[in-house]
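In the two complexes below, subunit A is the common chain; its partner is subunit B in one and subunit C in the other.
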Partner chain A sequence: MQNPAIEYDYTVAKWFSYLAILFGIIGMGIGVWIAFELAFPELNYVAGQYTLFSRLRPIHTNTVAFGFTLSGIFATWYYVGQRVLKVSMAESKFLMAVGKLHFWLYFIGALLAVGSLLLRYTTSKEYAQFEWPFDIVVVLIWVLWGISIFGLIGIRREKTLYISMWYYIATFLGVAMLYLFNNMEVPTYLITGMGDPFHSVSMYAGTNDAMVQWWYGHNAVAFVFTVPIIAMIYYYLPKESGQPVYSYKLSLLSFWGLMFVYLWAGGHHLIYSTVPDWMQTMGSVFSVILILPSWGSALNMLLTMKGEWGQLKENPLIKFMVLASTFYMLSTLEGPIQSIKSVNALAHFTDWIPGHVHDGTLGWVGFMIIAAIMHMAPRFYKREIYSKKLLEMQFWLQTTGIVLYFSSMWIAGITQGMMWRAVDQYGNLAYSFIDTVTVLHPYYTLRAIGGLFYFTGLFMWAYNFYKTMTASKAIEKEPQFASPMAA
Partner chain B sequence: MFSWLEKNPFFFAVGVFVVIAFAGLIEIVPDFAQQSRPVVGAKPYSLLELAGRQVYIKESCNACHSQLIRPFKSETDRYGMYSLNGEYAYDRPFLWGSKRTGPDLHRVGNYRTSDWHANHMWEPTSVVPGSIMPAYKHIFKNVADLETAYAEALTVKKVFNVPYDKDMNGDGKIDVPLGSFKQAKQRALQYALKVAQETKRKDLVDMVKQGKVPEIVALIAYLNRLK
Partner chain C sequence: MDIRLIQGVAYLGLIIFLTFVLYGYIMHLYRSEKKGKRNYEKYGKMALDDELTSPPVEPLEEHTKESR
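Coming up: the complex of A and B.
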């Protein structure tokens, strides 16, 4: 028996897509700017204290991680959720209202939080810089998203949860747990009635604080940059290519494996620090084990394309997603290598680490979100993608940008690490610290240019999206698989 | 079992939660108490130092500077004795950093002076040619927020039992006095005057004499304390 076609409601998905593009441009624009600051320090002063590297760096990371990426995650959730659960948001006024409220609270909260960082309100903990009032806003946003997820599940027609749903649920739970525990802080004004009402002090001190922070920090990467992105690729790649997922068993193994292993790996941020040695070793070992579930997902996606590799040539969206999987494999191999104690001794504190982060975020997260939003665009507006050619150009420009980025940072990181430890024939340190900074100038320049390439690609993406929305040729009905594109 | 879980979202979510919560419990809980213990000689920050620490945090110095010396000869030669767990007992939050765009600062108080810091923060290349660190001129004008620093000290004293106003080593003297805000501020001003004089900058000395502590002075007091 054939059910009548469900009319999905994409309102909230569209809004979050706009926001992903907006925050992508802002966040990565700041990223490019501060990359140039490292090469040309005079750029620090263009807007007085507000453009100092140290002020902008947390704004860059937060805008990209929690602006661009989360918007992308929410956009895809409000699209994928309905489709894999076979229920439209239009069927529930309540869930529709929750979705819209979720959007507006998120948008306003994000602007306020970024503003607070600009005004020096920060707890200093990486990726958890927001002071306590904004933490409360974040919790509210998260609760709304939870209501949306479980509400939609509650009224679903499709009883079995598709793989993407596993990952969205895990994202929700994982971030909730991590965020709550890492941001445990005591607002000083509430205790003493004095001083700045926004100020708070961490519940944990010293080594404990470090341990909780990197349990959080590493797994914020897991549950913002990995888990929900896998949710996306499990939906969009099979959909765009028209190919079934290669192996259910592999997806099962990868999912539960990832859930179990990922949380242990946070300790690799603390190797040779003052946390107990057994924990450093655990972090190291589990990081290596993490290759298995990570590559499991990535290979499952690549094998989904089995026999259909011709599409890679024809369809730029497939290009984005296949390269995203590939960068995921690269990044999840590189991470474990850096977690090995002897490698970590060299790599820690150097530019190799931002290099590693960026081949994951630009290559895997960025490409997947770009592809997902361009896949949705023709479905949102019942129009063709405006320009395939522009999408192709964007792909190659951004890919070149990423390669420039990580290759320059590999060289910079290893150079610096080696120079820090280099000794002369008498065993004295061979270089002063400043020698190890000035030597990096060409690599910093190259990295900034790579970033600029990627950033330029974002404008091509935004333009293509906008033209698809407004000026592209209309299509009669929602495309089944490959997204239609004008040359 | 898995196909059953996939049809029962509640139990699925419970399953996921148990699997992800497991690692945190095992890694963090067992050593928690042990790791909170201060090393002998570790003392809480005085009001001025704490205000300086807040400036360090506000300016995100930790974006480029670590405070963690690893146990390698190349690091101990460069920065001094490797860091010990108990030295961080009063650090809320910890400030280890994750990137050394600039050098480690955990023992910077051993080898840099107040006037060096003042010159450096005013114009980094004047003391370190080739430096890519930007100047922080605005903190020479901003007035340090001693009230918030006091609120923090009082909070940790009350909530976490940080030993302010206590004789820690049994010599009959209070090691780190805090007292009332008025007393604490008075003490901070005296300390700030000494630091301001060490910087050899008249503008800073004058500000302190007017009862206002420039952020840079508080920051230097904090950096000098890092040993």
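Coming up: the complex of A and C.
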């Protein structure tokens, strides 16, 4: 048997939690700023070229996806991985060193990559903007994570891998495959000896490039915003509520369903474009089928709370997680609807699309990471959560923010789509582009205010976490289920 | 034969095959439980009882400190 003196080592999990909070604030702060820029365009010119929407938007998306979310994923992996495999990182000096190296390379790499975007080094491929030297750093970071995952599995005590482990492994393999193929690029300086050493061109051309890009782009949503977040909820919701997963068999079935179906759905980003028609149809069909495995996981989570709904009233962390799975259901129904060709004709390129994305990212991804980190905080520091009231206030403020965000974008997007399509009796367009902008102004303002609510909630989260770490009441032993919190 | 017809038949065949695979997997899960070969639901405990000192749901017998 194991040495009882050994404890789980949360060093790396703590470090990544700090980064998740830091990158959350930076990434979403920029998001709020550019939302206000859309409503009040003069804000574009506050600091010359550096505050232009086009310069800041990729920094927002990359910082929230690959800064905030990935830090949350790594933080939870270094926590959940040890616990469900029943092995401590302290038992292997090698894995501890790999974990720490993983953190530092990621932190420094992320800062440099964000800096490169600010200095306008970009491949111009959405969510794959980093230029080739940074892509190499990303690959190294990913390899280190892989060593950590499979290394820990190699020294485990628990024979069977818990369902969360399957999802973390899928995240690792999925992103590795997608990132490598979509970032195949030729550094122009190395070939021609001319131009900027950072510059590169894609190895694919034209329509092929678009197809690879959206195979990557949509599956970045799959393997960064969905799969690892399911890994989290399958651990944290049962653990916090003290209820085992409603149906373990359903979790397995949903896993394979999701793995098979997701990879085919990216074509819906290219409906009514130059890619083959059958591919567009396939993208739509697979997107609709995707409802089944997505709802399989989400319902499994909600049913885990069966007979225990009283906890929803008592425990704000349960609130965050139940609403996260509800938003997961909402966005995995909304996405397939938008991918149906006739709906897409109205929705494509409108504000309904960022509205959809933010249901998922703010409601599902953000809430789950916030809850996971607050669940870990009392275990990290052997102290109770500093303030339940603050956590409750954060929940309601951020929920209101999300509702403002998606409702304003629904109205704005559908209005915009209808106005673009409107024609008079002779078939002439009824509106010019600026007509739509004028009509949409109030909704853009509402969206920015919604974002500001969510952003304010992040500071409440950071403060609560910091106070939990430094000033909260000490607890004697690690809580088994519900996290202790002071009123 | 027309390439479109071949594609169509192959596509339909694939869908039918995958449907069988899906239902086969569901049957496999339930049947292994019914026959007592495996109890999948007990794995849910792995998240709840996850202290370093708690006994594994299914221990890895060959696991020893020396092997690390």
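Going forward, the second predicted complex is superposed on the first by the 481 of 487 C-alpha atoms of A that agree within 3 Å, B and C clash if a C-alpha of one lies under 4 Å from a C-alpha of the other, contacts with A are read in each partner's own complex, and residues count from 1 in each chain.
Here is the rule we go by: contacts are C-beta pairs under 8 Å (C-beta built on N, C-alpha and C of every residue); 3 or more make two chains touch, one makes a residue touch a chain.
The structure presented is a predicted model; accordingly, all values stated were derived computationally and were not measured.
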Partner chain(s) touched by A:V84 [first = subunit B, second = subunit C, both, neither]: second
Touched partner set for A:S92, first subunit B, second subunit C, both or neither: second
Partner chain(s) touched by A:K239 [first = subunit B, second = subunit C, both, neither]: second
Partner chain in contact with A:R157 - subunit B first, subunit C second, else both or neither: second
Contacts of A:T11 with subunit B and subunit C, given as first, second, both or neither: neither
Touching partner for A:W256 - first (subunit B), second (subunit C), both, neither: both
Subunit B versus subunit C as contact partner of A:T400, first or second or both or neither: neither
Touching partner for A:Q213 - first (subunit B), second (subunit C), both, neither: first
On subunit A, the residue positions that both subunit B and subunit C contact, one per complex: 159-160, 252, 256, 260
Touching residues (chain side subunit A, partner subunit B) in the complex: 37-38, 41, 44-45, 48-49, 52-55, 57-58, 120-126, 150, 153, 159-161, 166, 169-170, 173-174, 177, 181, 186, 188-189, 191-192, 194-196, 199, 201-213, 215, 252, 256, 259-260, 262-264, 266-267, 269, 272-276, 279, 282, 286, 345, 348-351, 353-354, 420-421, 423, 428-429, 433-434, 437-438
Complex interface listing, subunit B residues touching subunit A: 2-3, 6-7, 9, 12-13, 16-17, 19-24, 27-28, 31-32, 35-36, 54, 57-64, 66, 68, 70-72, 74-75, 77-78, 83-85, 87-103, 128-136, 138, 145, 147-152, 154-156, 158-160, 181
Contact set on subunit C toward subunit A in their complex: 18, 22, 25-26, 29-30, 33, 40-41, 43-48, 50-54, 56-60, 63, 65, 67-68
In the complex, subunit A residues that touch subunit C: 2-4, 6-8, 83-84, 86-88, 91-92, 155-160, 162-164, 234-235, 238-239, 242, 244-245, 247-249, 252-253, 256-257, 260, 478, 481
